[in-house]
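When the chains are written out, they are named A, B, C and D in that same order, and each has its own residue count from 1.
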């Protein structure tokens, strides 16, 4: 029997020694940058690295993300994210859609928080045609956005429990999310692809049935939220898995252009709702949760606290909903004058911006969709070297990435 | 089946057993958690969540294709994803079925004009049940699975009828 | 044959038959359609990169070894615990078992100090 | 909210770049630079007292005769925003500003791939979103599929 190490060594050509491995599974000649195979000529105790695909179909990559991980036993030596498995050309298709129809494309960008996407596009379009949405429309927008934010945070919170090995929180999260989806469906008519926020205002007014459901939700959710925090955050195994893992310091956060809860967990309190107020956020009183450590647990607690603030805002929106029109007089086919505008929104994943360039025709000339999750993935990828494999999963989960937004 | 080697492919003895096995297969269709896009959140997460509970139909998600009977293609399949879909389909053990969920997987959906999107997953793998909608409601996904169970039962009848005529 | 011998043989026979029966049924009844694509290693739907037969980290092997040692120790504890109360002179047997466990614990402490249990 | 135009022009002159800096109607202050000077301009803005340390976004626009790569900068300290546009000819090279703003790693790969530019001194110059052989899709010259092609799929 020849030396077993010899069998595994790639012998120049891609052909495998007979019978051990079918030819196809050998490594392609060009390795992705950043991944280096272990040095050839292994001395007695040194270990060779194994390149593993945490591939497109993986329960804990929150979508079709493929991460090539170079493993030395349990320790990740290098990692490279390969995206593009859900690239559907939202920006290119928007160039051939009318302004009222681009909202449907934006819903399917970050498919968990559709209201925020539509609002980003609506704000940019309104800046171009210089129309201000009426006050009631702005309050309805903030109300729906905060409901959508809690639903989106719950979709992040459930799998966060799964990533750290807790099956229970996922079911609690889905139970509360169904209540929110019912409210969204009553008002907008759809559970996920709302097409509710249009340039100039919103689609429809809030129905009394939805208002009653919101009040019922407000009474119970605070207690549920404490229950969520106690179940997961109080658990010391969860804390051991999250505290001190994936620390992002302030310079790395700014350098990698992080936004949203990821940035606020590293100590910088930049929030589009406070620094660039839109919709009704200037009239609502809410605080921005900021943590200093910048590790996975800080990101977790910042998002849980954001849900509590959203409940506070929903209560204010419901009680103080002003009277009046819910949409401004806007022509059915928008033809904004030639120009450029940038509209930004605080989506659950960060600052979601739409840079709209119009040339006077009824379809946008160019629409750039700023994906906050793409920058979160970049930081996640840069944190991988030197981390245990189980922690790599937790880091990617804690940055709350959605592949629909990264691939657009 | 291997036992058929002992008693011949069309043996009369095992007609009843095939129906028995298909009933067992119908009542426990395990799908491969293969969510690509928005349909995954609606069809896999919400449908298997506590409210629209999929488990009552015996439908449960499995992470790997080795233990899955059904492959749900929930989302848009683009050129980069096509090889993965084909590879995963090949790696599933027989008997296997494919459910194409959502307008994107059926025929390209709202992104059909984009050259990078494959116009429907049936260009890559044979599809048994198409579920319309963008995204289809969780009830629609469960109705799609019930139709798949009917289809499995119907396939067995067709095979048995063919066998009865041939003898 | 004395009564307990019969019980033991029946137990062994039943175990063997049960295992053989389940394996045989699944081999007989499951449809077999092998194909080269199906034989590929499943790596999340992507092409596996690099040969899997690499010189792997020894940590896993040491973990498994420690587990096997303590597994056998518990196997020895069972008969001792069952017969412990029936015998007259309990003390002697108790001290003997404590020595046995102590020796194994010595091994564990050595492994722990050598860093066999840490992952890095 | 808007940086002072004369201060911006002074920073650029300090680095030896004569570029047009003007205030566009809705957008804000836009500074046009040539492709080669893009990196030095960005480094100057980042290290200047205006402190544009946060790169919000990087994307391309096909303006018919060339490709405008737009760098959207933000100064967290002074809460100001600035757009730097660098004009690149078709199929020219996009020099990476990865050392100035690490956030530009992925967007540059995507912009180069969807607009058909080549990547110069980039840590991982591979395609980000599409597979090899897919044309530069965001260019105006690449058409979408027609209705009949979609109908008889």
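Everything that follows uses one rule, which is that contacts are C-beta pairs under 8 Å (C-beta built on N, C-alpha and C of every residue); 3 or more make two chains touch, one makes a residue touch a chain.
Everything numeric in this text was worked out from a predicted model, so none of it was measured.
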- prompt: Using each chain's Cα centroid, which is most distant from the centroid of chain C?
  reply: D
Task: Using the touch rule from the top, work out which pair, A-B or B-C, shares more C-beta pairs.
output: A-B
Task: Mind checking the centre-to-centre distance between chain A and chain B? Centres are C-alpha means, answer in whole Å.
output: 29
- prompt: So what's the Cα centroid distance for chain B and chain C, whole Å?
  reply: 38
Query: From the C-alpha centre of chain C to that of chain D, how far is it in Å?
result: 60
- prompt: Between chain A and chain C, what is the gap in Å from one C-alpha centre to the other?
  reply: 43
Message: Please output the residue numbers of chain C that touch at least 2 other chains, ranges allowed.
response: 40, 45-46
Task: For chain D, write out the residues touching at least two other chains, lowest number first.
output: 129-131, 137, 144
- line: Among chain B residues, those touching two or more other chains are 65, 80, 84, 88, 113-114, 116
Task: Have a look at which chains touch which and call the overall pattern line, ring, star, complete or other.
output: other
- prompt: According to the definition of touch, which chains form touching pairs?
  reply: A-B, A-C, A-D, B-C, B-D
Field: chain B residues touching chain D - in the complex, by the definition given at the top
entry: 79-80, 107-108, 112-116, 119-120, 123
Message: Going by the contact rule set out above, which residues of chain A touch chain D in the complex?
response: 32-34, 80, 83-84, 87, 89, 91-93, 96, 127-128, 252, 254-257, 268, 270, 275, 339-342, 351, 353, 355, 357, 366, 368, 370, 374-375, 377-378, 382, 407-408
Interface residues, chain D side, partner chain B - complex: 129-131, 134-135, 137, 142, 144-145, 150, 153
Query: What residues of chain A sit close enough to touch chain B in their complex?
result: 55-59, 63-64, 84-90, 92-93, 96, 104-105, 108, 111-112, 155, 158, 171, 174-175, 177-178, 181, 191-193, 403-404
Message: Under the stated contact criterion, what part of chain A meets chain C in this complex?
response: 4-5, 7-10, 20-22, 24-28, 31, 37-38, 42, 45-58, 66, 68, 72-75, 388
